[in-house]
Amino acid sequence: MNEEITSLIREDGLRLDGRGLHELRPISMQTGVLDRADGSCYLTWGNNKIICAVYGPRELHPKHLAQPDKAIVRVEYRLATFSVEERKSPAPRRREYELSKILSESINNVIFLEKFPNGTIDLFITVLDADGGTRCAALTAASLGLADAGIPMRGMITGCAVGKVDGKIVVDLSDIEDKEGEGDMPVAMIFNTGELTLLQCDGMLTPEEVEEGLKLSKTAIGQIYQMQRKALLAKYSQIEEQSDELDEEEE
Amino acid sequence: MRSEEIISSLERKYLTDLLTKGERMDNRDFWEGRPIQIIPNVIKKAEGSAMVKWGDTVVLAGVKVQLGSPFPDTPNDGVITVNLELSPISSPSYESGPPGPVAVEMARIVDRGIRESKIIPMNDPKLCVIPGKTVWILFVDVYILDDGGNLIDASALAAMAALANTRIPKVSIDEEIEEATLLDETEPLPRKGCVASLTYAKINDIIVYDPNLIEDRGKIARFSVAITDGGLICSMQKGESGVFLEEEILNILENASSQVKELIKIIEETSQVTELGQMFQFDF
Amino acid sequence: MNEEITSLIREDGLRLDGRGLHELRPISMQTGVLDRADGSCYLTWGNNKIICAVYGPRELHPKHLAQPDKAIVRVEYRLATFSVEERKSPAPRRREYELSKILSESINNVIFLEKFPNGTIDLFITVLDADGGTRCAALTAASLGLADAGIPMRGMITGCAVGKVDGKIVVDLSDIEDKEGEGDMPVAMIFNTGELTLLQCDGMLTPEEVEEGLKLSKTAIGQIYQMQRKALLAKYSQIEEQSDELDEEEE
Amino acid sequence: MRSEEIISSLERKYLTDLLTKGERMDNRDFWEGRPIQIIPNVIKKAEGSAMVKWGDTVVLAGVKVQLGSPFPDTPNDGVITVNLELSPISSPSYESGPPGPVAVEMARIVDRGIRESKIIPMNDPKLCVIPGKTVWILFVDVYILDDGGNLIDASALAAMAALANTRIPKVSIDEEIEEATLLDETEPLPRKGCVASLTYAKINDIIVYDPNLIEDRGKIARFSVAITDGGLICSMQKGESGVFLEEEILNILENASSQVKELIKIIEETSQVTELGQMFQFDF
Amino acid sequence: MNEEITSLIREDGLRLDGRGLHELRPISMQTGVLDRADGSCYLTWGNNKIICAVYGPRELHPKHLAQPDKAIVRVEYRLATFSVEERKSPAPRRREYELSKILSESINNVIFLEKFPNGTIDLFITVLDADGGTRCAALTAASLGLADAGIPMRGMITGCAVGKVDGKIVVDLSDIEDKEGEGDMPVAMIFNTGELTLLQCDGMLTPEEVEEGLKLSKTAIGQIYQMQRKALLAKYSQIEEQSDELDEEEE
Amino acid sequence: MRSEEIISSLERKYLTDLLTKGERMDNRDFWEGRPIQIIPNVIKKAEGSAMVKWGDTVVLAGVKVQLGSPFPDTPNDGVITVNLELSPISSPSYESGPPGPVAVEMARIVDRGIRESKIIPMNDPKLCVIPGKTVWILFVDVYILDDGGNLIDASALAAMAALANTRIPKVSIDEEIEEATLLDETEPLPRKGCVASLTYAKINDIIVYDPNLIEDRGKIARFSVAITDGGLICSMQKGESGVFLEEEILNILENASSQVKELIKIIEETSQVTELGQMFQFDF
């Protein structure tokens, strides 16, 4: 269980999982998966499995936290106990508190909060199976959940990590690349405007490598953004089909 | 279905009027359950797992195993512990935070069903790595993802199905320094048979099996019974402030003893499916 | 301390403590034992020792929990740290949370709650010394505490566990029978109506054994109910005596 | 006596008018204590216990013993720890939950009285099972069951009386693998003498011993002193926002030094009673 | 790290740190050290280092705790994790709860609370480096912090521990004397009136030794009280200087 | 400066009007930091410590070392853990209690800067006392004492400076029973180089280095970067709901890479000062 990793890039120049340096893992996105939530998204990304539920806009309790001019956004990012190598205790850990905070700040930026005075929009994101890059995947899922709930947004947030592995800047780090590589740099942006809503880094990168990473992440984010659009279109066409069916039934 | 947890008086009237006529909102018979789907092995990082869709209810159970110390009074037995979270994902009524009394009761009902049925033989030598010192600890964690009613039976089923596909690492022991090293190879968790839970709701004076969300809210009492594949009752739990008469309980037990067979069959069939790849993408 | 139990039923057909299969342990009940509480009961049952205090009906804080049409009932079942073999941590454990919930639901059923809108009735039950069957003993004590506090009830709850020991269904399991036996089935009912307010089971019983257990528990509960009635009469006659004394003093 | 914790102004006036006339509500002298009953060995599952009725106050203390690790700086000494719970059973004012500052202060006063008096010699070889590794841990848990005033003295007395009848299991040691096995036989906990607490309340400028509930509520300051059977002061604690003058403290100490003898006598007499059976049924 | 202490008083009759039996350690006090607090004091006493911040009088939240006729005082006494030999966990321990309570009661006594109905005065005292006698040092610092915040008081609280070491009653115990000596007796009073606002004792003292300790503590407290007065005068003269400077600037 | 955490609209207008004119409230250039003082070794009971005054901000960091178990996946490495407390001493806005999300984020930023830079080589043999069993645990605890803005950089500096003067006890090992005894002698904590954090605030569309309290309140976004003495970026963190453009980030990184040299110099100079006595009395 503790095998020695000698190299993360193979002799043929590809990564351990056979991907090219700038290649994404397979990603799937599905909205409206939950019955009770106002909006939801189930997203798989490599072996990551993430579920996001959106509740709201709804009344905020306790009321003294409410803001008279806008809604607040509350985000809870959690790891399921069995989503990681060593079982995690059910109580949230510091990492989960930190990520909840920065995901919340990121999401805050795109919602037209002033449309819902005194309200709250609550996002609950749980990583059911973790495989590196969960925070970027979480933001990507959250945007879809918000759209599914019909929350008006000025743009879509899309995330993708880049990082440094065996001296090379690569896109979309896997779990092992994240842990054994030289650096991890999660990025999220509104693709259409290029505005960075999340940017972190752990590791050891030169300023030039950071610059290269930012450029690569933008390209990757563009690809993922197209998948988000498709997932939403799929939903709307499904709704249309359903309403067609309803029409037929009514006839 | 998005509404408050407390049933409205209109909803209640509709519910009970129908029941009085012998009908249920979703057209089931009083003793009829909802459709069930199980996707086993859904979580790669877990040693065992199962996603269960039971009517509109969605529950995910995962099993993690870990080496640890045995309890002092059972020094050669493995340890099992069941946790359950009413995730705020699953309903507008649930909040984050440590489990409240409702989640604790559910976790303990699921736990008792597994424990008392002895379907996982905790004294199996495979679960005891170094006698008196190191045993396998099994953590069964159940997350409610969508609350469509009858969470107890769905949770028990998910936990059971997750255990049914759990694999534990083989271990090599250095006898001299009493240290265990995990190997890459795994073997199935020892298991003897199967157990399932069946829950009945009493609404006014009518009793129905497998309450949906509205029936769950409208019930005055609940009765859950866990039965093994051998037909033995290994756990019962009456809940809520309504009462049951002895006769009602006996009727329930008779019905449960016959219905349990179908549930056991579903679990055992699922436990044959071990490939993760085939259900990588699933539909809720 | 870990002696091997070979058999829980002796060759003479009696149980380890000399009881017949359907025989209760000695039980004593005393109400009005606490000065500060509105009602109280001290109950011993075998080596079980249980104290129950009732406060209320009283105003509920915080007020937003109050119900405008009836009182709520709050029950806290606790084990004293020294009441069990291994010292229990002072913080309540999951077992105590579960039992508090089901005892509360059981008690809820018999109180005329609608007589006390916005109010609360609080029961605090602590097991000072535990010896098997504490939840049934707790409910039996709680009924007396409620009666002592003058809370109007539509009936008295009485509890008694039955179980399976060495293949036989026996009444009122002792600690050792509970732990080493094949099954434990706590039952509580309103004796006069036969309504079951609590019913649980752990172990391995056939449906027929459950049926036998229910019948045996009813008989036992009948006996205990008579003791509850006597304990209450004892209290009232004591009050009468006291008021007689007062009269004499006044003369 | 069922009323709120805050004394009403009427009650206060009545209390202080009486005191000014040299009288107490319950007709005691200023330096006079209330009647005390101790029932030792009341809890079968505990290794030591005592129920104390002190005036209207009822307190139960139990001692559990457990093998555990010593503190690093006293590797051959046993460990003692005192907890105290203001059970919601005992008063309408107390709530469930972890001990608040009032309960913590009381627990620590009781703890200091026992610890500083060294009446339980923690360095006794009987408390050290395997030097540096395994010692006896003594848990003294005090539950307030009925709050009739002066909880500190009643708690200290209950804890002391419980320790006086505590028995610890004999142990057999396997020297080679450094493991201890508990035997069925027990022996008394080592003890050297006795300690008792005496508490004085200051109401306006009058000082009384052993405040009852009303006096407790009406006091502006409190002073507790723990004295050993040898007459040594091993703990003092001033409480509440009122003040004392040096002279008042010296008067209290003089009085306490004489009154403590009676308390010590009660404890020592009780510690002779070891049969559980005889007080199986008791009267509060 | 665990050296054997054979004697705490040297052959020349002085203590291990060279002090006479009734001699104080060096003490320094400085008020107004914090920018954000309404009042503050930094005090060193031997190797003790204590910081005290005072906030208030300010509005009390939640409001239902407020008292319509006076302010409440809240005191939080804390040990920094690194202030003691073995690292302390960041969560407060029972000792810290107890001391917070008795320091609060002591301070309560001197403030004219009725001047600030519905308000709160909050003192946060943290021991940054601990060396015996922290509670007396804390009270001494708290008085200065309150004065610095301009809170009206009927007197100044001053504290000093006495104790028994090698059979002698000594003043101002050091850490090692506290731990290895025969008794520790913290005392705090309003020096001018002789009113004891705090008095504790651990150890084994005869009544006569307690009496001697009380007398010695009063003398020591008198000396420390003079230092407190000087520290306050220093502050006021500094303020005067500053306002002189301001005047000059304005000219 | 005593006011509420939320900036008033007047304050904000003043702040932004000035910035639009190219000026800051305290007359600094946009890329200019405030004066910094470090007092090392200020806590006698700690194995390392530093008080930092950074503008009006005061932060105290202390390091305690303790023998403990390594993590299972790095059995020969020491362990470091950073905690940070927004003490209620430092601001009317902070309350007592366990660290909230703001303090947790800060602690983790400081932690990552130290950890990722590898300036404390956790795999140094000096930190591994008994391989696989006993290693040094380093607790770095940071207390904010006065909040004058830019707490992240001040905290990172205090933590770094405290580690730079930390000494660990020498240890003698009894190989046979695998037990470690601490000696009185100490040696410096192994250290390779230095790291510092630089934080930039974005107010409207203007970016300034080292925000003071008012700028901290008025900012819409924050960007912190930790850079080693070798010029490598080891941690970045964007905070708050405002956004940055790629170009802005690149400008910040260029500026930070040059400014960090000054900070590194301050730390390394301070780490030469080891005498406690000389700064016994200090001025905040």
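All chains are identified by letter, namely A, B, C, D, E and F, in their written order; residue positions are counted from 1 within each chain.
Just so it is clear, a residue touches a chain if its C-beta (ideal position, glycine included) is under 8 Å from a C-beta of that chain, and two chains touch if they have at least 3 such contacts.
Keep in mind that what you see is a predicted model, and the values were worked out from it rather than measured.
Novice: Spell out the chains that contact chain B while also contacting chain C.
Specialist: Expected: no chain.
Novice: If each step moves to a chain the current one touches, what is the fewest number of steps from chain A to chain D?
Specialist: The fewest touching-chain steps linking chain A to chain D number 3.
Novice: Minimal path length between chain C and chain F through chains that touch?
Specialist: The distance in steps between these two chains is 3.
Novice: Which chain maximises the distance between its CA centroid and that of chain B?
Specialist: Farthest by centroid: E.
Novice: Could you work out which chain's C-alpha centre is the most distant one from the centre of chain F?
Specialist: The chain lying farthest from chain F is C.
Novice: With chain centres taken as the means of their Cα atoms, state the distance from chain B to chain E in Å.
Specialist: The separation of the two C-alpha centroids amounts to 58 Å.
Novice: I'd like to verify one number: the distance from the centre of chain C to the centre of chain D, where each centre is the average of its C-alpha atoms, in whole angstrom.
Specialist: Centre separation, chain C to chain D: 30 Å.
Novice: Using the average of all C-alpha atoms in each chain as its centre, how far is it in Å between chain C and chain E?
Specialist: Here the centre of chain E sits 52 Å away from the centre of chain C.
Novice: With centres defined as the mean C-alpha position, give me the chain D-chain E separation in Å.
Specialist: 29
Novice: Quick one: which residues in chain D touch 2 or more of the other chains?
Specialist: Within chain D, no residue touches at least two other chains.
Novice: Touch graph across the chains, line, ring, star, complete or other?
Specialist: Graph shape, chains as nodes and touching pairs as edges: a ring.
Novice: Could you give me the chain order round the ring, chain A to chain B and onward?
Specialist: A, B, C, D, E, F
Novice: Which residues, counting only chain B, touch chain C once they are in their complex?
Specialist: Listed in rising order, the residues of chain B that touch chain C are 73, 101-102, 104-105, 107-108, 112, 115-118, 223, 225, 228, 231-246, 249-250, 253-254, 257.
Novice: Can you list the chain E residues touching chain F in their complex?
Specialist: 1, 28, 30, 33-38, 40, 42, 44, 47, 49, 51, 53, 55, 58, 76, 80-87, 90-91, 122, 124, 126, 128-131
Novice: Looking at the complex, which residues from chain C come into contact with chain B?
Specialist: 2, 94-95, 97-98, 100-102, 105-106, 108-109, 185, 190, 194-207, 210-211, 214, 218
Novice: Considering only the defined contacts, which chain B positions touch chain A in the complex?
Specialist: By the definition above, chain B touches chain A via 1-2, 42-46, 49, 56, 58, 60, 62-64, 66, 83, 85, 87-92, 96, 98-99, 139, 141, 143, 145-148, 169, 182, 184, 280-281, 283-284.
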